[in-house]
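A quick write-up on the structure given underneath.
By letter and in written order, the chains are A, B, C, D and E; residue numbering begins at 1 in each of them.
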Amino acid sequence: MTDSTMDQTNAPAIRRESPHAGAAAAARLKARRRSERRFKAYGLGAVLLAITMLVVLLSTLAGQGLGAFTQTQVAVEVNLDPALLDPEGNRDLRVIGDANYTGLMTNIVRDNFGATQRRDILKSLGVFSRDARFELRDFVLENPELIGTTQTIWLTASGDIDMLDKGWIDRDLPEDQRRVDDRVLGWYDALDAKDAVDRAFNVRFFTGADSRSPELAGIWGATVGSALTLFICFILSFPIGVTTAIYLEEFAPKNRWTDLIEVNINNLAAVPSIVFGLLGLAVFIGFFGMPRSAPVVGGFTLALMTLPTIIIATRAALKAVPPSIRQAAQGLGASPVQVVFHHVLPLAMPGVLTGTILGMAQALGETAPLLMIGMVAFIADTPGGFSSPATVLPVQIFLWADSPERAFVEKTAAAILVLLSFLILMNAIAIVLRRRFERRW
Amino acid sequence: MNSSSIPSGAVPKMTARKLNLFYGEKQALFDVDLDIFANSVTALIGPSGCGKSTFLRCLNRMNDTIAGVRIDGKVKLETTDIYDRSVDVVQLRARVGMVFQKPNPFPKTIYENVAYGPRIHGLADSRAELDDIVERSLKRAGLFEEVKNRLQEGGTGLSGGQQQRLCIARAIAVDPEVILMDEPCSALDPIATARIEELIDELRENYTIAIVTHSMQQAARVSQRTAFFHLGQLVEYGDTEQVFTNPRETRTQDYITGRFG
Amino acid sequence: RDQIRIVGSSTVYPFATAVAEEFGKTSGFPTPVIESTGSGGGLKLFCAGVGTQFPDITNSSRRIKKSEVEECAKNGATEVTEVKIGFDGIVLANNINGPTMDISRAEIWQALAKQVPVDGKLVDNPYKNWNEIDPSLPNEAIEVLGPPPTSGTRDAFVELVMEHGCEEFDAVKAIEDKKMRGAVCKSMREDGAFIEAGENDNLIVQKLVSTPTAFGIFGYSFLEENGDKVKAATVEGVAPEYDAISSGEYPVSRSMYFYVKNAHVGTVPGIKEYVTEFTSEDAFSPVGYLAQRGLIALPDAARAEVAKTAQSLTPMKM
Amino acid sequence: MTVSSFVLIVLILSAIAFFLGRRRSMSLAGGKMSTLHSRPGYYGWYVALWCGLPAILMALAWIVLRTPLINGAVSDVIPPDVVAAGSGPVNLFMADAYNLATGNIVSREPTPAVQEAASIILGLTRTVNLAFAGIGMALALAGLTFAYRRITPDFRSRNRVERILRILLIIASTLSIFTTIGIVLSVLFESIRFFQRIPIFDFLFGLHWSPQIAIRADQVAAEGSFGIIPLFAGTLLITFIALLVAIPIGLLAAIYMSEYAGRRTRAVAKPLLEILAGIPTVVYGFFAALTVAPLVRGFGESLGIDAASESALAAGLVMGIMIIPFVSSLTDDVINAVPQTMRDGSLGLGATTSETIKLVILPAALPGIAAACLLAFSRAIGETMIVVMAAGLAANLTANPFEAVTTVTVQIVTLLVGDQEFDSAKTLAAFALGLVLFVMTLALNVVALHIVRKYRQAYD
Amino acid sequence: MNSSSIPSGAVPKMTARKLNLFYGEKQALFDVDLDIFANSVTALIGPSGCGKSTFLRCLNRMNDTIAGVRIDGKVKLETTDIYDRSVDVVQLRARVGMVFQKPNPFPKTIYENVAYGPRIHGLADSRAELDDIVERSLKRAGLFEEVKNRLQEGGTGLSGGQQQRLCIARAIAVDPEVILMDEPCSALDPIATARIEELIDELRENYTIAIVTHSMQQAARVSQRTAFFHLGQLVEYGDTEQVFTNPRETRTQDYITGRFG
């Protein structure tokens, strides 16, 4: 293409100019190399950008949510008054259990904070969690021999104190703009001064179920609910999705009918998830009489929603398997079913698993359809089975995010972190499997 | 085609009658009538693109798998019309095995490649028996020595010729009655070619073989009957001797005498 | 089924759940399951029939409607007890650093209505800044984040503020056609000055933090919880404070209710005890735990009355 | 016997049947498997399927028929005055009878008729259950014996099993059809009711969406406030922005991961990106509303554009991030499945990697990529929370991404979960919106299918 | 190898020195020293699996694309070490073109398959020029007549031999300086083979060619120099004449005389 003759010096035999050697070629090559670098940089940029987004989101969440893994506690002196706890003095655990611990709490705030007026008592009780009385009860039931003595006991602090201790409440604000007024602040400071305020790992958060009190609220109930729901969702959507895809891609005659099914499935993916909720309500609860708020129904409904994702991904993966591999197997007398299950499906497995990962991730994060079938609910007990009332992690997050109490902000973020850990755990198997199935040919 | 050239007494294992094949609009085979005789080797020769592979693939219905293919006419395996609706293509392909023109090993280990057929057809009752079949097949295809230490490595990591022999081993491991080979030696060196030709000769005693080849010498060496295709038509078919020494058609003559492969 | 099932309003949800939790912890009955479905959705489920597959109680941030009572009766739920639990104040608030505002309902209507009278004629709302309505109002662009038309809060806001506010204008009163007048009173402007935000009040609070010039409409409990971030405008001189709302002095507040299906009492264990817990002084009085959650209690006399009818499960009449 | 314990027993029986069938075929073969037509396992499956399937079908019939059967028997004892009063009271009567029979809540003092009905129900339930269980068990055993006795060495059990399997596959794939029918049915009737009130023409071509006026029955439902054009415009705008983010980033990320990055990088990056799909949408909503929207507004103002604090751009951008993995992961898989020989062919001609990707690999992987993009598109159409929180609910008819818009899905959700009466035009509108959205996406999918067909390049 | 056999005066276009190649653990080439001379045809022969393809792929770094390949030693194109970090493999591969052992047409039309290379290298300034290059390349590969009416149909719908010629056309359309051909005639009939051999002969005037073949006759007919590989080693390398008539090594002798392909 050009007339440069510079590298001809030691190659006299070459009579013809190569189009790849001249200056123009070099310029073109330079441009191509530049575009190559640019393209690669775009690719890297895309990956980094997406990961940056993830990191930003995660670090914001971590910044907000890690605090929820600890909980403020307050140490108070308790006079385990026998008159209140065990009036008859025979250490009958039933009597002790039924004693007036609210009264004991009142004694505590009187002794520790000097609160005597009814309003003051109420205010100062607000330093503690509403469950403090049960903590007292449990303490006494465990150590009945201590009745009559004065003990220092660590009690869970209320959400407000927790927020104050973690620095989420600005103490420099004027009193009327603060959640915690000067009196409570004074009590807190006094306690703090004698090292009676401490933060401990928040076991309740990981073992408890929902509560209206942020300091008591836990994520375990919703986690179990999610696990049960997704289990049902998976055992339905995975086999049905994969077999549907296999049928359509490998066996079905290619005609209008299968075109219709194909378009249909693609279209189902675009149906707003709440509509699946309507369907679930009508079919599973209305027609089949399954219970409301139950993981079975949630699982069934989410399975319908997840199916299109799995089917579409599986079909794409099946399509990508080269025909030569199918022919090789057919030529050996493998039946179509054997061709698919022995050769094509294993090669398509990465795509199948990707579809499953995406579909399950979507199912794990979904709230809207669950509203229709009663899973957006306050459920204070950890679900015991597939048909006991349950809620799921995203619903819990949704509900907490909508709560007025400030302390729920960090619980919400922490719950999201738990959900993401759940997601990673759930996907881990699929991801490992996918790597093992990946091969080039 | 001249049907009088069928040796008396010989039984046709497979017969094609008035076979027409279309890839969409394009016709690739025109009224092909051809008998493949049992216990003999039939060579299909002809210029590139004349329809040899297409014809071969008709014999075990591998063309079914290509979209847009339409077939007219009859093909029989012994007495059954293989395009009949009642025929089980799976069984047909187990009886009529195929080695493809482009080697296509499975992305599995070498061992699994060969063991696959016997496994699905239940030809081995034990692992030892299966090992035995694999080893024997690889040996017959002349590949065993080269790969005996790497049976558990991938079949796609073999050289071109090795892949080709692997595919031959894979096909014979199934023990089919008819073996269709589409240029089985194209990627092989003379020694490996000799090994495969020996194999073909050996197989002929019990099996029926059809082979596509571009080498006239090979056709002459291994086949008893030769079919010459041109532009989708079967131009001449007869005893190999006769076709090579005394072709009836000038087109055959021209093709063969232009030889130097 | 051994636990109570409750559905209904998202506004009542925080209070009902607090009661349910206390009830579950102290009574020995299982903790009720409470769904947040919205008042309308709750009533729909509630009135669908009698039997374990239907809820026992529904919460509502408005009174049950006649059509809903009829639907209930048609499906066998003839005896329903109504329990009024308190008030919910609706506040107009902005960033704590933003301007302080005292405003009347008529002015709010002028700021937010789709059409307002100017010189006696109805025209598309021309006001861009608050102080164009009244010079005493801040010189800021009108930007109000409010609930969507599908929510109960919006319903209440329209009824308590907009409908009330518009009546002060002769040009509106002059409209003969009741429907037309209703439309004029209730239509919110759509030129961007009024922004329909979602039902998440926390989000509105957050948005006020990031946009100091904007106002937001939300429930009292969120104001109380976020006093360090937002402050409320006084309406007709009254600040939305506990006592003012409780006494009815603060004009923008609504009542909250729950409804009990009497047919279920005695079969589903604990309904009566739950109602008793809810209407105990410990819970819904001004010093009860619900007040700490932002509930504005009924006046003492009304509370006693409510507690009596509720605990005896006297069916409502309508 | 309950249905579930019946199913369990049948499953156990089938497992036994499997072993029986397999054993019989093996003993018939006499140690020489090649004399069998099919592998022994197929004989096992054949017997197991014959044992299990009829019984399972029986269980299905049981579930479906049980109630109608019992209802039919009870209908005789419903007092004529109840029947005369219409379907409502009849339902109530039946509900009471059932509740009484199961020891449940009853809406009133049971009348003798209800009591009688309840006793019929009690008795019948037992008989019906027994009958079904008995017949089912008999079927299972009969199937087992039948299949077992058919086994001969040349019995084509593989073909039989595969045929059954194929039928099962077909059934699985028709499930999507049933789901579709279910969805259409669940929105159709309410939609029809809606269209009886609001003319369909106004709905489809109205330029104004403002259901606020029609808040209650006693209020005016001003016509023209149910025009869906702004909703669809908003949907398209936001979806377009989201895809504008997700498709380039997703595609480029997939390309980078499969063609440039090392195996290790890829093994980390891909699952990381997939986390993006699992973050609950509430989180994205907060992120969009509190972080991105102010940025967008600031950016718009710096450009001199009057930007709203809620904008299509903020919602679209964040939604785009959410759906990146739908594009990236699926595309990565299909690109990875393109045979290496294709790459070699191109590289061998002196193409750069990027040229190879753009000219050879992407076209070859097109069907998969199209599927991925369609999935992303679908996901964007169906998303609610981000839009509610960041783009608002105001139905503006605008193409300006700095303005607030709303989408069809958002309206469906807010209308459905809002505080509505049962059959207000607003609630019904949600169903009509669902129906129209369904039809529209269907049309789009048909178009997409044809485009993909046209450009598909099959490799071998 | 005997480097004394390099013809005096001829310039090596490509040189390999002490080339070792490993597929993971497995060594496939052992200390190969080989010069490929400009304006001549070098034939690589040897039994299947001996490393011919591997060596050929080293010459334009196509082995880079296989995971786990490690290369030791030097390969030079004229004076530049092609494994040097500064070398642009893209330019290298444009200058050193390749026809693969297994035909691998792109899933595009026949036209696009051939036009692909010229397009990316910007060899045609106009559509007409491109048409021209495509037509000329197809003609030189002897495929044009067969496909001239279906240039816009898919390249994968061709027969095996047609695909092979398509790949040859595709490679020469780029106008490389060195052309590496891995068994370019394996799927071709004698006539098509003759056409390709003619092409090779014709190309030799301006280009440098290395060809892998299993046909001794072909090697003898088209090449000036022949290299015999065995088990990854270059056993003998010299003028084709000499290698065929008077091989230095007994292994070469044995391989060649076992000929009959």
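Convention: a residue touches a chain if its C-beta (ideal position, glycine included) is under 8 Å from a C-beta of that chain, and two chains touch if they have at least 3 such contacts.
The model shown is predicted, which means the values in this text are computed figures rather than measured ones.
Under the touch definition stated at the top, chain A and chain C share these contacting partners: D. Distances from each chain's CA mean to the overall CA mean are smallest for chain D. Distance between Cα centroids is largest for the pairing of chain B with C. Chains A-D form the pair with the most C-beta pairs in contact.
For the pair chain A and chain B, the distance between C-alpha centroids works out to 58 Å. Mean C-alpha positions place chain B and chain D at a centre distance of 48 Å. Taking each chain's centre as the mean of its C-alpha atoms, chain A lies 57 Å from chain E. Centre-to-centre separation of chain B and chain E, using mean CA positions: 29 Å.
Residues of chain E in contact with at least two other chains: 90-91, 94-95, 102, 120-121, 176. Residue numbers of chain C whose C-beta contacts span two or more other chains: 37, 199-200. Counting only residues that touch two or more partner chains, chain A has 20, 32-33, 36, 323-324, 335-336, 347, 371, 401, 441.
Contact between chains, per the stated criterion, is found for A-B, A-C, A-D, A-E, B-D, B-E, C-D, D-E.
By the touch rule above, chain E contacts chain D in their complex via residues 60, 62, 65, 67, 90-95, 97-98, 100, 102, 104-108, 116-117, 120-121, 154, 156, 167, 170-171, 174, 176. Residue ranges on chain B touching chain E, taken from their complex, read 23, 26, 45-49, 53-54, 101-103, 146, 150, 157-162, 165, 182-183, 186-194, 214-217, 255, 258-261. Against chain A, the residues of chain D that register as touching in their complex are 63, 158-159, 162, 165-166, 168-170, 172-177, 179-180, 182-183, 186-187, 248-253, 255-257, 259-261, 267, 269-283, 286-287, 321, 324-326, 328-330, 332-334, 336-340, 350, 352-355, 357-358, 365, 367-368, 371-372, 374-375, 377-379, 381-382, 384-385, 408-409, 412-413, 416-417, 434, 437-438, 441-442, 445-446, 448-449, 458-460. Put simply, chain A touches chain B in their complex at residues 254, 323-336, 338, 342-343, 347, 439, 441. On the side of chain B, the complex with chain D involves touching residues 88, 90, 120-125.
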